[in-house]
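For clarity, chains are labelled A, B, C and D in written order, and residue numbers in each chain start from 1.
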Amino acid sequence: MSAITVSTTVNGDAVDFICQPDESLLDALRGRLGLTGAKEGCGTGDCGACSVTVNGRLVCSCLMLAAEAEGAEIGTVEGIAKGNALHPLQQSFLDHAGLQCGVCTPGILVAAKALLDRNPDPTDEEVRYWLAGNLCRCTGYDKIIRAVQSAAAQMRSA
Amino acid sequence: MVKVLLWGSLRTHTDGQAEVEVEARTFKEVLDRLAEAYPGLRPQIERGVSMAIDGRIYREAWFTEIKPDSEVVVMPYMTGG
Amino acid sequence: MALDSHGKREFKQIGTRVARPDGIDKVTGRALYGADMSAPGMLVGRILRSPHAHARILRIDTSEAEAIPGVKAVVTGADFSIPDDAALADISVNVMARTKALYDGHAVAAVAATSAQAAKAALKAIKVEYEVLPHVTDVDAAMAPDAPVVQKGRSLESVPAGMGANVTHHCEFGHGDLEAGFARADKIVERSFKTAATHQGYIEPHACLATMNGDGRADLWCCTQGQYMVRTVCAGVLGIEASQLRVTASEIGGGFGGKTTVFIEPVALMLAKKSGKPVKIVMTRDEVFKATGPTVSTSIDVKIGMTKAGRITAGAATLRYSGGAFPNTTVDMGAQAAFAAYDLDAVRTVGWNILTNRPKESAYRAPGAPQAIYAVESVVDELCLALNLDPLDVRILNAARKGTKSSYGPTFDDIGLLATLEAAKAHPHYNTPLKPGQSRGVSCGFWFNFGGNTCVSLNINTDGTVGVTEGNPDIGGSRASISLMAAEELGVPYDKVRTIIADTASLGYNDVTDGSRVTFAVGLATIKAARDAIKKMCGRVAKIWGIDEDAVEWRDGAAHPAGPNAGKFPPMTLEEIAAISFETGGPIAGHYEVNADGAGVSFGVHLCDLEVDKETGQTTILRYTVFQDAGKAVHPDYVEGQMQGGAVQGIGWALNEEYIYGADGRLLNAGFLDYRIPVASDLPKIDTQILEIPNPGHPYGVRGVGETGIVPPLAAVSNAVSRAIDVRMHELPMSPPRVLKAIKAARG
Amino acid sequence: MRYEKPQTVAEAARLLTGEKGLSRILAGGTDVLVQLKAGLVEPDLVVDIKALPGVRSIVAEAGGFRIGAAVSNAQLGEDKAVRALWPGVVEAANLIGSTQVQGRATMVGNLCNASPAADAVPALVAAGAVARVAGPGAARDVPVEKIPTGPGKTKLKRGEFITSIFLPARPPRSADAYLRFIPRTEMDIAVASAAVSLTLDEDGRIAAARVALGAVAPTVLLVEAAAKAILGSRLEDPALEALAAACSAAASPIDDKRGTVEFRKDVVGVLAKRAARIAYTRAGGQS
């Protein structure tokens, strides 16, 4: 197996990395670029903990080869805050206890942001279905939904 | 003497008695006297037991005092999630 | 200062919803979990697992694997000795099989290599010769005298002669005259139930990073519910001294009991020892399901007698639990908890533990209790229906209360069950009429709660801030609660306190984060450590003022003269005392070490409205409310979070979650695709009502809240489903095929 | 394993035919990467077809639509015109996996993965969709139902791959619908599924119908008897019951971890009834 060089953009910054042909984007983000915010909860696209955006589209980074990232724009949880200024979703998750252990939180924030970017005023049901691919075992989802809705309301009024 | 209530399956080692009396003033003394008087209880005591003293559950607490009229219940050692 | 007069004490900070200290790291992706740590030159560790449910290991040839470029170490069972201690020996054999593979997924060898690719190739190159043996995975089948024997000679002395070899434990609890009790009943119902093994389902797979130097000094980073437990177990399994192994707990991505033992850590240490390099092992999800702890699978018989007025006259249950291929005594807790909610004259429970060719059980939130209480609450519900009685009225009538002799022996002190039931009865949820096709289920739940070994160190910094060092991994916001209790006790603002979790070399021993013990026991130790620091600060001030130490009292974050006779001095704040601490005798710190007891038991009541699609057997939860006694809710957000999270885990257990084995004894659903934990769109809002009946055993009245919430949903959902389809369900999960079959069977 | 991203169909075909070992086509990758991870396949060559001309676009053609092989289901779902013409196909494709999976998964991938439980396939079969197969030779068009031959197996020859799917034009008063049964509300594989496509006459009677079932046989079933059961009806109860009975009778499912034979046979009939009602209403029928 010979390694592949990939040039891509992560959270707005141009980066190059070398990866194996069978390496997932998740492994490259975590292992090659040190961006360990995205987590591997299953490796099969069933838990959403590895959620990132690729060219604006929400995907599981475990279900994408790193090589496919050539020329793409990748967005990860590390890029949501602007410096020390938290995104309203991040602040809302803190204010509404939308996390307990926090391991699903990066994926949920990336996914929720992708939702609100498309639909600033979702119903609870729309939030629940959009986030159905993000498993959380701690919260029972209740406070997550409240946190997303509160952030959405705040972003609408901003 | 304090009365010590044992859970059901321990009674096979106390000639079927659910409640036995031992001369003890602490958690540790209860266990020591029980093991001496009823050697069949020794393996369970060594694996670990909890003890409810007047309704409060202790897991290891040798020096916890027991009054003669205390309610003493030996319980299995507990673990949680 | 009115210490410990909870109920009267007016809290200034306890009960507020402050921001958690680890929050920003967790919403920005900066928090480091088990798999997020790296070391220079680190190797990739992988584990080879048995494909057989039960097989003798005849020979393992690792020579080809060792020859693969990049492979630096290979270990098998032959590398590990067996500790004398039976519990340690079982863990040792579970982390690496010796003579037999005892379940599908049992570890048989491990490799460490310079790349994931080389490690994968090495696993394929290891040749294991197996002699496949007959297996058994069903608890009832395993109890039969002619069942395949999982492990010989493991029965405890509690097991009467004549039982099958897989029966390892027997217990019995209760009091009163059962026969007389049943004779007084107007109606007796006797039913048998089965519950599937379920997995804790934490989203973070087990992960660790181990180094071991040539001099025997070792470091371990891992996700665990207890770094001290990891140290004790790894030191015991590997035969090294505790002082030589420093274990640091990473942030933990969920545990629920499943991370109260070890699976990969001794293997990683052994690979590190053999290779001389740091080794990281991260489990795949498939390995998590196959080889880490699910809960017990059970088979339970319950018999209850009731008068027409709804008074329970007697209750009996026989519980058969299997925690897989190794002995355990989880059934003790199920048998004690089964009837804990009731004030009974006559009660008896009998428990059995049975070995099966399944993975070794790990604790799962209120271990043993949900299954037993599900069976009891199902029969109580059936009696309520048969006698046309309101299910909450019946529970109120029979509720255990202060002075009740519990079903497991001790007499209850202050408990919150009655208040919880009455809150449910008065709640709008219970008083909202059901629409056609909808039904409502009710269940009580109970958990003992523990205290345990705890050690806290509290430092008064010279700038007037406070550092708390504790030793329990924070699974759901406990650092915030601990900081709150320190702030409350010291009288300083919450944001002046920072709580951190120590590694094993930095603080004395702490029991694992289990049994809902942390807010109770670590909180208690923190309050006591704060009082220790206060005492020292008062001592310093007494010297400054030239009065007796007893004449100084602590109030609102400052030392004051205690009354007019003490003299007239302006109060000295913590900040002022801290600033001159070097001049007054040196740094100021408080400490407390305790094996905490007095954890108050906890009760909950759940209400569940749902509807069932009678053509497909699918259940939709429409409304759900949790009522639970928290003693005192230190941080209500996280108390509610525990109640909601527990409820949803229980809903998953009730409806879809199960370990499914094929005829070959292999696990068929080792992934989140077919091990179906609830997703966001499956659920309605989970409403909560916190009751606060103070625990006399804690200075602030705190009770553990982590576990009780998973107990009631099993029966609350089952009772609602049974009422919806007019057929009593006896098996969990109530997956759609099972429900549709029941509906069709009832139609005839 | 090699990773290649050819720019032309000819280059892709050359790579695939030239590979001595195992090769896999990569579009959305939501099945291929899972299989790689589990070690179920260990390909020597992965050919990423996303750079081929036209595979990422949806083009109107002859009153219908040509959907490129690398069009993600999320992209498909955002296309209002396709949704208006073939709502059942779009809802079927949009049921696959999570939002994240939707961002990558494709209908062609769903078809070529050849799972009997594939969500998009019954809807495509009911729609009479046609796959365009490219390869070493000239491109050819193959009805979708002819592609899978059994679980994990297709009729595609060495070096062949699908570049697009064509959804045909529809007469007035036509619509389709797809329903599947899963234990949860999301994230599961279909335990049974049914797609119904129908056209009404001016009186609201069913003039033409196609009924396809998933997860109840080794491949998706096109059940003519089920279509016949509702022809000429306005979906009155007897017609619906006959539809359900025909579907249950045609089903030859297996017992597995997701469902039993009995359950699947029962539920596939229920789903067909419900899907037929939705399609009927969408087509403008008054029931």
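Remarks
Here is the rule we use: a residue touches a chain if its C-beta (ideal position, glycine included) is under 8 Å from a C-beta of that chain, and two chains touch if they have at least 3 such contacts.
Values in this document were obtained by computation on a predicted structure and should not be read as measured data.
Among the other chains, the CA centroid farthest from that of chain D is the one of B. Innermost chain of the displayed assembly, by C-alpha centre distance to the whole-protein C-alpha centre, is C.
Chains A-C form the pair joined by the most contacting C-beta pairs.
The mean-CA centres of chain A and chain B are about 54 angstrom from one another, to the nearest whole unit.
Chain C and chain D have centres, each the mean of its CA atoms, that are 44 Å apart. Once the centre of each chain is set as its mean CA position, chain A and chain C turn out to be 29 Å apart.
Each of the following residues of chain C touches two or more other chains: 200, 256, 284, 672-673, 678-679, 681. Contact with two or more other chains is made by residues 37-38, 185-187 of chain D. Multi-chain contact residues of chain B (touching two or more other chains) are absent.
Contacts between chains form some other arrangement here, matching none of path, ring, star or all-to-all.
Across the assembly, chains come into contact as A-C, A-D, B-C, C-D. Residue ranges of chain A in contact with chain C, taken from their complex: 1, 20, 22, 27, 30, 35-44, 46-47, 49, 76-78, 80-81, 86, 90, 93-97, 99-106, 109, 124-125, 127-129, 131-145. The touching residues of chain C, counted against chain D in their complex, run 120, 284, 286, 615-618, 655-656, 660, 668-669, 672-674, 676, 678-679, 681-682, 735-737, 740-741, 744. Listing the residues of chain D that touch chain A in their complex gives 1-3, 5, 26, 29-30, 33-34, 36-38, 46, 48, 50, 72, 74, 97-101, 103-104, 185-187. Residue ranges of chain C in contact with chain A, taken from their complex: 17, 19-20, 22-24, 26-33, 35-36, 115-117, 200-205, 251-256, 282, 284-285, 475-477, 637-638, 640-641, 644-649, 671-673, 677-681, 683, 685-686. Of all residues in chain A, only 1-2, 4, 21-22, 24, 43-46, 48, 51, 54, 57-60, 62-65, 67-68, 70, 111, 114-115, 129-134 touch chain D in the complex they form.
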